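Next, two complexes with subunit A in common: one pairs it with subunit B, the other with subunit C.
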Partner chain A sequence: MILDVRNISTVFHLRRADIHAVKDVSFQLFKGETLGIVGESGSGKTVLCQSILGLLPKPPVKTSGHAYFDNTDLLDCDSKKLRQIRGNQISMIFQDPSSAFNPYLRLSEQLIEPLISHGYKSRKNALEKARIILSETKIPQPQKRMYQYPHEFSGGMLQRAMIGMALITNPRIVIADEPTTALDVTVQARILQLMKRLQNQYSLSIIFITHNLGIVAGFCDRVVVMYAGVVLETASTADLFNHTAHPYTKALIKSVPSIDNSKDSLYMIPGMPPDPAARLSGCPFEPRCRYRTDKCLKSENRLRETGKNHFTSCIRVLESELSL
Partner chain B sequence: MISTPFLHVKNLTVSYKKGKTVFTAVKNVSLTLEQGKTLGLVGESGCGKTTLGRSILQFHKNDSGQVLLQGNDLSAMNTASLKRYRPLMQMIFQNPYRSLNPRMTVLDILSEPFRIKERISQKDCIQKVSELMLNTGLDPFMMRKFPHEFSGGQRQRIAIARALAADPLLVIADEPVSSLDVSVQAQILNLLREIHEKMNLSMIFISHDLSVVRYISDDIAVMYQGKIVEKGPCDRLFSNPLHPYTKTLLSAIPVADPSKSFYTKIDIENEFNPEETKRGCLYSNRCPFIMDICKEAEPALETVDNNSNHECACHLINSGS
Partner chain C sequence: MGKFILKRIFLETLPSLLVIITVTFFLIRLAPGGPFSSEKQISAEVLEQLNSHYGMDKPLFAQYFSYLLNICKGDFGPSFKYPGRTVTELISESFPVSLELGLYALIFAILTGILAGVVAALKPGSFMDYFTMSVSMAGICIPAFVLGPLLVLVFSLKFGWVNVSGWNTFSDRILPSITLGMMYVAYIARLTRGGMLETMVQDFIYTARSKGLSETAVIFKHALRGALLPVISFMGPAAAGMISGSFVVETIFSIPGLGRFFVTAAFNRDYTMILGTVIFYAIIIIIFNTLVDIIQTILNPRLRNY
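So, the complex of A and B:
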């Protein structure tokens, strides 16, 4: 196990209300594994990862829980220690490559920044390393392209460069926050293939945040499904799709547009995710769930095992009233 | 054809000029759209699909060719006479976070189209805006709110309502769902389809994702580097895709099935490089089935099957092999 996240809760203390963005989330990440975190926007998946890396401003944010990385609790170490780990052993790939880079700096400066700030002395060696990483991410003519500015690259190319930047310090964990959402389907396919190849080469563990279960199906080993700040289901990818154990997961799978099934029925989940400021009891998906009963609101929303390493919070599935 | 089609784009060429460099974004494109039908326009970013959409609405002047709306050539009109046609053609933009003025309330945004068209009392105005909001699945009580108070899906509903406010005949939707979550995407697609059927609109739906286009289109045109490479009825194009590029687009779609890994079939080395293809087929530098003739001559868009209007521009198909 490389990362052990236990009972993380994140609260934004705002003037108007307390927003409970992440509620009591636990998961483990193993070496060489790809873990998918899936949910709609506002489900807390990005905040969860930012909380682990200490990227949120405190106050107004208050985070509780533990995240053990190599016997270090990331949530309980001082900022100096955290800075040694962040960007060095755990790095991040952001959603929109065109806004994640600094438009005023050449790519080369931004690529070597993680190296320099983690004690790399030789600028010349760092630049050489940047060139190598760019050629590994399949950017043509890296020697020339690395001295260009971000606006001279296409979206797909910039995302490649950002993957290179995340890998340049030889990290053990990469957190990819919707890395392909802003890209075309064909470019997306290429980026995913590249990430898979580099993952094997560097024996990386990847946390892959997305809202599209179609991507998860082909890319991740294990999946955590989040909704309104809580985890509703976790399972291996095969179990999640073949033995789905939560109505929300089922609905997400069905809403992926496909070229195989009937043209006339595009499934949609009715309603909207709950207001994050509201404190809910029972299952948070209850108002939108087509299988809801009275006891869904009364029961405690807690993950329990339904198969080997397969956890769900749906009370009706757990009591075998419902099979999806 | 004896009867005039609703929209007829004839040999349209559009280019951008910067100093001495000329970039031709749309190259000799022809298409027709019948009243009440939807055309899906598919391709990667940079292929010219947005430019084509915008030049149909005369946001860009075209270099050559014609845009005929109900037989009237829009590209030959001056600004004053175009003004009469503007309300008939509306656009839905890609990013609902940028296409709505943050300083206008929903009421202002949605009433502007008919305020421009005619003088209208405040009471009628509110009445009409409420109807629009109800039709697009929004709560009329929220009409005094500002765009930032809405979620992405709701903002796209506002953008759709604004496009409908002028009672258009033609709506061009430029990637209306690509910045939304899959679950919200499904809601917006269903809404567009419902409105389209109810109002008998003609629509051009631009997207890079064939699986999204499929739910809404009657016909599909696939664009590559400014040209249409394959065109045909929706069902036909999915059951029997012919052009290698269409097949690539289809194989890149994520499938919610762990036994199929969609991304491994894509060739990782072949990145789009416009400088290489100056002669012959534009797709030849990426095509896995390249033949000698592909580097020499550019294939023309030819009818493959007379019964179904399926057209394709590929030597592999057109030579009959």
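So, the complex of A and C:
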């Protein structure tokens, strides 16, 4: 195990309300694996991974829980130690490459920052490393291109550069927050291929955040399903699809667009996610669940094992009243 | 760059200068009185002689064209009020003083303003934020003719650290520079704060943090550049105003700068001096706006076209 996340809760204390964006989330990441975190937008995936790296502004955000990395609790260590880990041991890839690069600085300058900020002395060697990593991400003419500015690149090329930037320090974990969502479908597939190849080459563990279960199927070893800030189900990818144990996961699988599905038969989960400012008890998916009963709101929402390494929070599944 | 500047001069600068000169030339002739009307009793003969000496007996349009012709040759004419002195002389004697004062004020305003704005933006809503912003609001509200004497009262009369007025030693520069720069400190601080608040929530700031950069590097390397763009646009006209002299500040501290001429020339109907100062001021503004454009192009690569 390389990262052990335990009971993370993140609250935005805003003037009008407290927003509970992440509620008591735990998961483990093992060496070399790809862990998918899926959920509709607004389910707290971004807040979760930014909480792990302490990237959110302290007021108004308050994070509790633990994230153990190499015996270090990332949520309870001084900012200097955290900075040594960020970008060096754990890197992030962001959703929208066109806004995640600083528009005022050359790519080269931004690419070498993870090296320079972790004590790498020679700028010249750092630039050479940047060139190599760009050629590994298959950016044509890296020697010339790296001295250009972000606006001179396409979204796909920038995302390649971002992947290179995340890998330049040879980190152990990469957290990729919807790295393909902002890209064209054709570009998406190539970016995923690239990530898979580099994962083997650099023996990386990846946390892959997406709202698209279709990508998870081909890319992830294990999956955490999030909804309204909580985890509803975790399982290996095969179990998740073959022995689905939560009605929400079932609905997500059903709503994956497939090529032979024509547009009008695209399934949409009815209803809306709950207001994050409201404090709920019981299953958060209950209002939208077609299998709901009275006891869904009365029981505590907690993950329990339903098969080997397969956890769900649906009490109806757990009590074998329901098979999906 | 050379092409850019040439285009700028011939397509923008010269046409706007011509418009400014023309409008000023005819406007000041519309104002009642003339350069000699405030003199003690002068006979009609003397007045006639004066008018013909300065070419004011010719038709207005003839005067206008001969004035244009002269300034093309670099001759801004004699001053009506200071006999025997030319406008060029008067401006070139007093401008260096205003320029020096303005540069000190500019440096003071930029350094303090940016620092105050950054500090305020780091913790919006905190005590430091309210404190710096209140002080800078006061800077906008207190006029120079109040702030100047106040500073003199405290630092010259009470503590005796600097002279009350004059323009001889380096310490004479301190109070006037602060008085002149204070108003701009306030504006710069508010613009910097706004720019910083906007920039600090951008995605690329999160990227920078996720790379393990220190907060200082995040602020000064990644955030400040974008945050300063609005400040720089403001600084064009502001810097031009500062270095071309302030009537109020120069009067309070008895500084022999250019600022007083803007006011006295108008009171005295010193036609050539008015035109001279207006043209000079216009040229300074144009130079500074061009500088601003160049700096912005340097700071913002998206404005560059290769």
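What we mean here is this: the second predicted complex is superposed on the first by the 319 of 324 C-alpha atoms of A that agree within 3 Å, B and C clash if a C-alpha of one lies under 4 Å from a C-alpha of the other, contacts with A are read in each partner's own complex, and residues count from 1 in each chain.
Convention: a residue touches a chain if its C-beta (ideal position, glycine included) is under 8 Å from a C-beta of that chain, and two chains touch if they have at least 3 such contacts.
None of these values were measured; they are calculated from a predicted model.
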{"item": "Joint occupancy of subunit A by subunit B and subunit C, clash or fit", "value": "fit"}
{"item": "Touched partner set for A:L35, first subunit B, second subunit C, both or neither", "value": "neither"}
{"item": "Touched partner set for A:S91, first subunit B, second subunit C, both or neither", "value": "second"}
{"item": "Residue contacts on subunit A - larger count, subunit B or subunit C", "value": "B"}
{"item": "Touching partner for A:I215 - first (subunit B), second (subunit C), both, neither", "value": "first"}
{"item": "Touched partner set for A:L134, first subunit B, second subunit C, both or neither", "value": "neither"}
{"item": "Contacts of A:A126 with subunit B and subunit C, given as first, second, both or neither", "value": "neither"}
{"item": "Subunit B versus subunit C as contact partner of A:T237, first or second or both or neither", "value": "first"}
{"item": "Which of subunit B and subunit C A:I163 touches, first, second, both or neither", "value": "neither"}
{"item": "Smallest distance from any CA atom of subunit C to any CA atom of subunit B, in Å, after fitting", "value": "11"}
{"item": "Intersection of subunit A interface sets (partners subunit B, subunit C)", "value": "none"}
{"item": "Contacting residues of subunit B [partner subunit A, same complex]", "value": "44-46, 151-153, 181-187, 189-190, 208-212, 214-215, 234-235, 238, 248-258, 260-266, 268-269, 271, 273"}
{"item": "Subunit B-touching residues of subunit A, taken from the complex the two chains share", "value": "40-42, 138, 140, 154-157, 184-190, 192-194, 196-197, 211-215, 217-219, 237-238, 240-242, 251-253, 255-260, 263, 266-269, 272"}
{"item": "Subunit A partner contacts - residues on subunit C that touch it in the complex", "value": "202-204, 206-214, 217, 221-222, 225-226, 299-302"}
{"item": "Subunit C-facing residues of subunit A, complex", "value": "50, 53, 55, 83-88, 91-92, 94, 96, 99-106, 110, 113-114, 117-118, 149, 151, 165"}
